[in-house]
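What follows is a pair of complexes built around subunit A, which joins subunit B in one and subunit C in the other.
Moving on, here comes the complex of A and B:
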């Protein structure tokens, strides 16, 4: 099995206010372009970052977004990590199906991000927080 | 009052206020900032005299720790105005703080002269006074930062006002060109402006153009949908334009349902549709 190597951490962004989400989205666009992703893939990543960073703000109040470059053999990719110490996700399966929201929104941000990215991984523990990894490979 | 054995800094400051001021002003004359001529020597002296004056009053009761106590009101007020006026005169925040910190060296000298026979008490007094002056210096820094934050807030407000225009481009046709990120405050403003304009202009068609919106995520889509719904309830038909290839694919992958919304790729196409709906004909004049 191929081993994912973490080549380089590009940036940490604390998410505490609305404009931090914009910062994270702009960083996603910058790094995606820098790595050579096309415009549509870049837009997908930017939108996913916007969704998941907003989730941190809405559900946990604050958290961190980390951008890093990955490689598996010759293949390179961008990984973005969203970590918070919020309430965690109670019914993960339901949230991942989409259309379920605890905050009067559309409830499709997380599931939509999963569709736009190559990989989406979640670790969540009620009361302890949530960490989400999204990845896209070149 | 300071306990037995401890040095009485407030007494020293009161007793030597004049000498300390003279020394301090002299030291400032050699200082970089005054050499640059940013500030007249006379004002430098007045500022220093006032600061020392309010400080002497504040420490008179022996409180060198809690600068939020009422006796420090005068000091806090003066530092805030000092920070503001220095910033206007072109001083950097660290220059202003350094100016406050420079009081330490002068007072240390006087402490030393006065209490050279009691090294331990002298050390404690120096540490206490140093901590106090540090706090005062940081107040000027904080004031500076607060001033900056206020400027940023005002600019944000100005941008908010600028960025939500609703334009009547033809009888019964409104255009709302959206530019920038759409957060909840802006979404509310867009909705209000739009609904008021519909009434005021008796419009039946609203074109919302999102060419200038950098990212359409589910929150933005949701807010756009609600705005269009509200417009529809008032009898206006909505056309969403400016949906480029990236945004259209993003919307599809996100799974946002824009089924009931009339959309066009460009504002031009949206306008053409609006004219058609109103049975208007745009034709080049003959001849």
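Moving on, here comes the complex of A and C:
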């Protein structure tokens, strides 16, 4: 089985206000360009970061976004983690289907990110918080 | 805090969004636009998003809501300057922008609203 190597260099961005979301989105664009992702994949990552960082702000109040470069053999990828200690997601299956009302940013943001990224993993516990990992491979 | 300038050309208001809007800014911008429509009697609104890095679901909703509100005041809205990667992203996200007309750039957007105006109001 292929072993995923995680770069030791991490970039942390604390999300507490709207402009922190801008910082996270900028960081995603910088990483994507530096690693050589194309325009569309860069836009997919930047939009996913925008959605998920805003979800932290809206639903948990605050949290952290972490960027890290991955490699499996010659293959490289970018992993972005969104962690908060908010209320957690109650009905995850429903949220992932994007079935929540369109006025909620949670539904479309999560389901859309799932489609735009290569991988999306969620760990959520009601009352304890949510951690989301998204990955995109070159 | 940045304010988004609203320009007027003939019957049309032009709005070039340069930065990502956060909740309060977006709401204030909507109020400013509606006030401007009321004060000027404009018939069209062109929103240029070519400077935006992304259009996420929040921004999509702000744009769609703004167009709906303008529509209630009798104003048609054209969204212009959507870059290819943003068009693909909107499609992938399944984000529908309701009540908005689309055109490639500012010039084509103005032209489009002009044509719609002629259909609705007849030539003055």
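By definition in this document, the second predicted complex is superposed on the first by the 130 of 138 C-alpha atoms of A that agree within 3 Å, B and C clash if a C-alpha of one lies under 4 Å from a C-alpha of the other, contacts with A are read in each partner's own complex, and residues count from 1 in each chain.
In this text, a residue touches a chain if its C-beta (ideal position, glycine included) is under 8 Å from a C-beta of that chain, and two chains touch if they have at least 3 such contacts.
Everything quoted here is computed from the prediction, not taken from an experiment.
Enquirer: Do subunit B and subunit C fit side by side on subunit A in the superposed arrangement, or is it a clash?
Expert: clash
Enquirer: Once chain A of both complexes is superposed, is A:25 in touch with subunit B (first), subunit C (second), both, or neither?
Expert: In the superposed model, A:25 contacts both subunit B and subunit C.
Enquirer: Looking at A:62 after the superposition, I want to know if it touches subunit B, subunit C, both of them or none. Which is it: first, second, both, neither?
Expert: neither
Enquirer: Can A:44 be said to touch subunit B (first), subunit C (second), both, or neither?
Expert: both
Enquirer: Could you tell me if A:124 is touching subunit B, subunit C, both of them or neither one (first, second, both, neither)?
Expert: After superposing on A, A:124 lies clear of both subunit B and subunit C.
Enquirer: Applying the touch criterion given at the start, work out whether A:71 contacts subunit B, subunit C, both or neither, answering first, second, both or neither.
Expert: neither
Enquirer: Considering only the listed stretches 44-52, 62-70, 80-88 or 224-232 of subunit B, which one runs into subunit C in the superposition?
Expert: Answer for the clashing stretch of subunit B: 224-232.
Enquirer: Which subunit A residues come up in both lists, the one for subunit B and the one for subunit C?
Expert: Overlap of subunit B and subunit C footprints on subunit A: residues 18, 22, 25, 39-40, 42-44, 46-47, 50-51, 54, 98, 105, 108-109, 111-112, 115-116.
Enquirer: Looking at the complex, which residues from subunit A come into contact with subunit B?
Expert: Subunit A residues touching subunit B: 18, 22, 25, 39-40, 42-44, 46-47, 50-51, 54, 98, 105-106, 108-109, 111-112, 115-116.
Enquirer: What does subunit C use to touch subunit A in their complex?
Expert: Listed in rising order, the residues of subunit C that touch subunit A are 20, 22-23, 53-58, 61, 84-86, 88-89, 92-95.
Enquirer: Which subunit A residues qualify as touching subunit C in the complex?
Expert: 18-19, 21-22, 25-26, 29, 39-40, 42-44, 46-47, 50-51, 54, 98, 102-103, 105, 108-109, 111-112, 115-116
Enquirer: Taking the complex as given, what residues does subunit B use to touch subunit A?
Expert: Residues 181, 183, 214-219, 221-222, 245-247, 249-250, 253-256 of subunit B touch subunit A in their complex.
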